[in-house]
Amino acid sequence: MTSIATAGASVSEQHAAIAGARPWQRLVLLGIGLVVALGLPWFVYPPVAMDIAAWALFAVALDLLLGYCGLLSFGHAAFWGGSAYATGLIAIHLGVPFPVAVLGGALFAMVLAVPIGYLSVKRSGIYFAMVTLAFAQMLFFIANQASSLTGGENGLQGVPRSFFGIEAVETDSFFFYYAALPIILLGMWAAWRIVHSPFGRVLVAIRDNAPRARALGYDVERYKLIVFVLSAGLSGLAGGVFAVSHGFVALPELHWATSGEVVLMTVLGGIGTLWGGVIGAGLIVMLADYLASSGFDGIGIVTGTVFVTVVLLFRRGIWGTARHMWLSRRSS
Amino acid sequence: MNKRRTVATASMVMAGVLVTAGCGAGGPSAGGGDFTDDKVVLALLNDASGVYKDVSGPNSKIAIQMAIDDYQEKYGDEAVVDDIEVTSADHQNEPDIANTKAQELYDREGADVILDVPTSSAALAVATQAKNKKKLYMNVGAATTELTGAQCNKYTFHYAYDTWMLANGTGTVVTEDGGKNWQLIYPDYAFGQDMVKSFTGAIEAGGGKVAGTIATPFPNDNFATYITKAGAAKPQVIGTMHAGGDLINLVKQYNESGLKDQGIDLAVGLMFISDIHSLGVEAFEGTIFTDAWYWNLDEKSREWADRFMEETGDRPTYAHAGNYSAALQYLEAVQAAGTDDADKVVEELEGKKVEDMFLRNGEIRAEDHRVIHDVYLARVKGPADVKEDWDYEEIIKTIPAEEAFRPASESGCSM
Amino acid sequence: MNAVLQYTVQGLAAGSFYALAALGLAVIFGVLGVVNFAHGAFYMLGAVAAAVLLDTVGMSLWLALIVVPLLMLVFGMLVERLLVRWLLPLDPLYNLLLTFGLTLLLVDLVKRRYGVSGLPYERPSALDGRVQLAGVGLPVYQLFVIGVALLVCLGVWLLMTRTRVGMIVRAATERPELAGALGINVGRWVTPVFGFGVALAGLAGVLAAPFRAITAEMGSDFIIILFAVVVIGGLGSIVGAVVGGFLVGLVEAFGQAYAPTFAQVLIFVLMAVVVLARPAGLFGREEATA
C-alpha cells in the first residue's frame, strides 16, 4: 500500500522539485513568499493576518510529521493549545517580552510531546492517528478541570503583549504582526532546514520503507519520536503567537476539532509539500472569516465538501497539483 | 465596501503616504455632525450556528431591527440620526473568533455598539476589546457576573441575567417553599462553579442547606450515575446547573431514575424557553426555574411577541427581548446625547431608570453597569395546561428589581 | 452494595452504545481496512432518524429499532459505493480523512435542517418504570438496552461463526494474511459489510434516543470515546470491540461514582496503560494491527 505522502506526490517528484528547481526559481518563490508575508496586513485585517501566519506555521509543522514521516497526528491541538496556555501563563505571571513567552510555550509543547510521542510512535498509520487524538482529548479534559490555572471554560484572560515597552506593538495589531512575524518565519525556516538535512533524508527513507531503514541500522522509533517532538515545538511556536495575538487562551484550542482543522489545511494545501499548508491555512482562515460575517451558518458544509472533494479528486492538494503541472509541463 | 476602502488606502500608503491602513479609519468624519461616518451601526455578535443559536442567534438581528424601527417611528424627524444600520457576525461559540470579530466590527464595520455575545469566555474577551477600543458593549447572552464584577469596565453593560440572579431566584424561593435539603449537580467549569457558589449562598440565606455537591465533566452525556448518587443522599431537591444539550441529557436521565416518584424534585439553574420547546413540556413538567422575561407576561410583552412571531415564526426567548431592549435603550441614549460618541452615550446610560416591554422597573446601575429589572420565577406547565404553542410557563412569583440582582456593593467592580 | 448494582447497570447500559457502535467500527475496519471517522455521525443520524420518524409518521421505538438500521444500511452502502470505494486502494489514512470531512458535512446539514436545540423523543410506556432486584429499583429501559445489545452481539457472533459469509468476514478481519493466502475473495462483501457496520452505529443511535439529548453534536465526543474503545479492545478484534465497549462503559460509571471529575480522563488513562502494556490492544494481535 502506498504511504499517504507518496500517494500525494511521488518521491521522485519531490526530489525533482527539490533538486530540479533552479536556484533563481527558488529565489523567486522565496521572494514572492516574503512579499506576501510582509504585505499581508496591508490587505487583510491585521488580526486575521496574524491568524493566517500562525495557522500557516501550524500546518507546516503538521506536514513535517505527515508528509515527511507518514504519521497523521489527529492530536496536534495538544501542542498548539498546550503552548498557548504555557505562553499565556508565562506572559501573565513573569511579564517577559512576548517572544520569550512564546519560546517558553514552544519548549513546554516539546516536553509534552515526549511522553505522548513515546506512546504514540509505537503504532503507525491509523493507530497513530487515533492514539494521538485520544491523548489530546485527555489533555483537553485536564485543562478543563484545572480551572484555577487555566481559567477553565472562561479561558485564560488578559495575556499581555509585552514588547520592550514599545507601545505601538503592544496595542496595535498592525505593528504586532511585524513583531511576531520573525517568530513564524524562524519556525518555517527550521522546518525547511529539517527537511533538507541528512536527518530529513533518513525520515523520507523511513517513511517509504521502514523495515529497510531499520535493517540499515536506523532506530526508526527514535527518529519518529524526534520529528514528533520537533513538530510539536513548531506547533507550539504557532500556538504561542496565536495566544499573544488574541490576548487570551480558550479551551477550544485544545479540542480535537482544532487538530482536525489543521489537518484540513495541510491536506488542502498538499501533503508532503511543506509550503502547501501555508496556502491551506490562508484559504481556510479567510473562508471562516468571510462566512462568519456572511450570515451563512453552515461552515461545516463548505469545509466538509471541500475536504471530501480534495481527498477524492485532488489528493496532491493545491500546491502539489500546481507543482505537478509545472513539472510535467517542463519535462514534456 | 470597507474592503475596497482599505485596499485603496493601502495602495496609497504603498505609494509612500505615511498612514497606517487597516488599523481602523475611525475618527470623526469630515461631513461635520457628531456621528462617525454620519451613521450609527449596531453590531450583533453571537452564536449563529452552534448550541445557542435557538436561544438568541440570527433572530436577535430581527429583534434589533424592530428596536430601530420603533426608535424611528417614535422620533421621526426629531431623530438625531437617520442612518442606522445593523450588522451581525457569528462567533461560533469560539472565544478567539469572538475576539477577532469584535475588533473587526469596531474597526472596520464602524460598529458603535456590540450586542449579545453569549458564552462567558467570549463575552469576557469582547469586554476587553470594548475597553481597549473605548466603544460600547451591551452583553445580553452571557451568564458570568465577572462582566459586572472584577472584569467590569466603563464601556461594558450587562443585560438580562447572570448566575447570581438565577441562583437567587430559584434557590431562595424553592428553599422557602420547603425544599430545605439540597444536592447540587454541576458541570465542572467556571459557569457551573459560579452557579454552585451563588446557589449555596441563596439556599443558606433561605434557611436550607446544601448537603452535597457533585461535579460532572463538561460536556457530558451520561449523568445516570451522578443522579443515582445524588438521590442516594435522600435530598428534597436536586439542583442542576447544566445548560443546553447537557441539561436535556440530565433531565431525560432524571426522569428515567424514578427519583420524581420518590418525591425528590429537580430545580434547574438555567433554562430558556427554547429548551422546553425542543424537548417538550412532558419532560420538564413541574420544573422550577428563574426567567428574566416571558413572552406571555402581559399585554405589552405579548404584543411585542406577536410582532416577533410574524417576522420569525417563533416566540421570543428572553435573550431576543433583551437584545431588543438593549438596542432601544442605546438609541434612546444616543438621542439624548445627540452623538454616538461612546463616552457621552455612557454618561446618558449610567443611572438611568428605564421602562420598556422587557425592562420592568429597570435601572442601568451606574456603579457596575448591571442592568437591573424585575425577574420571574416560573414553573413548567403540564401538557394539559398548555393552551397554545409556546404556552409553557406559569409565572409563580415576581422578584422585584432591587432584590433580583447582586447588590452593587458586593460586585467588586471598580471602573 | 445497592449502589454498586445500580452503577453496574448504568455502566453496562452506556457500554451497550459503545459496544454496538464499536462492533460496527471493527467489522468495517476488518474488511475494508478503513477507520470510519463518521461513525459518530452515523450514530447521531440513527437517533435523529428515530426522532423524526416518531414526529412525522408516529413510528414507535419498536418499529424504529428495525427500520432505522435498515435505512442506515442502505445509506452506508451508498456512502461506500459513492465515496469510500475510490480510496480503498490507497493508504487507509485517506479514508479516515474522507470520513472526517463527511462528518463535518453531515453534522452541519442536520444542524441546519433540525436545529441545534435537540429533538424530543418519547419511548413506549411498556419500557417505563423499574424492576425491583435485591431491593434496588432498576430502570426497565436500561435493562432493555443491555438486553438488545447483548442479543445483537450474540447474533453477530453467530453470524460470524456459523455462516459462510461470517467466516469470510472473520477471516478477513482477524487473519487477513491467511484469507489472502487461501484466495478468499472478500471483494463483493465490501459494500454490504460497510452498510452493516453503519447500521450497527444507527441501531446504537436509536437505542440512545430516549436516553440522550438528540442533537447534531451528539456523535462528536462519542466518536473519540469509540476510538479509545477500539484501541483498548484491539482494532482488529470483534470480541475486543464488544468487551472494550462494555469495559469503557463500566469505567465511566464507576469513575463517575467514585472519582467524578476524572471520569472522562480515566478512559484515556486506561487506554494509555493498554497501549503501553499491550500495544495491540487487549484482544488484538500484533501482526494484524501494524
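Going by the order they are written in, the chains are A, B and C; count residues from 1 in each one.
The working rule: a residue touches a chain if its C-beta (ideal position, glycine included) is under 8 Å from a C-beta of that chain, and two chains touch if they have at least 3 such contacts.
What you are looking at is a predicted structure, and each value in this text was computed from that prediction instead of being measured.
Asks: Classify the chain contact graph as line, ring, star, complete or other.
Replies: complete
Asks: What's the chain with its C-alpha centre farthest out from subunit A?
Replies: Farthest from subunit A by mean C-alpha position: B.
Asks: In angstrom, rounded to a whole number, how far apart do the mean CA points of subunit B and subunit C lie?
Replies: Roughly 38 Å separates the two chain centres.
Asks: Taking the mean of the C-alpha atoms as each chain's centre, how many Å separate subunit A from subunit C?
Replies: Whole-Å distance between the two chain centres: 32.
Asks: Cα centroid separation between subunit A and subunit B, in whole Å?
Replies: The computed centroid separation for subunit A versus subunit B comes out at 36 Å.
Asks: Considering subunit C alone, which of its residues make contact with at least two other chains?
Replies: 108, 111, 261, 264
Asks: Could you check subunit A for residues that touch two or more other chains and list them?
Replies: Correct list: 141, 145, 297-299.
Asks: Of all the residues in subunit B, which ones touch at least 2 other chains?
Replies: 49, 53, 188, 217
Asks: Considering only the defined contacts, which subunit A positions touch subunit B in the complex?
Replies: Answer in residue numbers: 41-48, 51, 141, 144-145, 147, 151-155, 157-158, 171-174, 242, 246-248, 250-253, 288-289, 291-293, 295, 297-299.
Asks: What does subunit C use to touch subunit B in their complex?
Replies: Within the complex, subunit C touches subunit B at residues 3, 6-7, 10-11, 13-14, 108, 111, 115-120, 122, 129-130, 137, 139, 141-142, 210-213, 215, 217-218, 221-222, 252-254, 256-257, 260-261, 263-264.
Asks: List the residues on subunit A that touch subunit C in their complex, please.
Replies: Interface residues on the subunit A side: 1-4, 7, 72, 119, 122-127, 129-131, 133-135, 137-138, 141-142, 145, 256-257, 260, 263-264, 267, 297-301, 303-308, 311-312, 315.
Asks: Please name which positions on subunit C make contact with subunit A in the complex.
Replies: 29, 35, 83, 86-87, 89-94, 96-98, 100-109, 111-112, 220, 224, 227-228, 230-231, 235, 261-262, 264-265, 268-269, 271-272, 275-276, 279, 289-290
Asks: Across the complex, what residues on subunit B touch subunit C?
Replies: That would be residues 49-55, 188, 214-217, 219-222, 224-226, 228-229, 232, 244-246, 248-249, 252-253, 256-258, 274-275, 277-280, 282-283 of subunit B.
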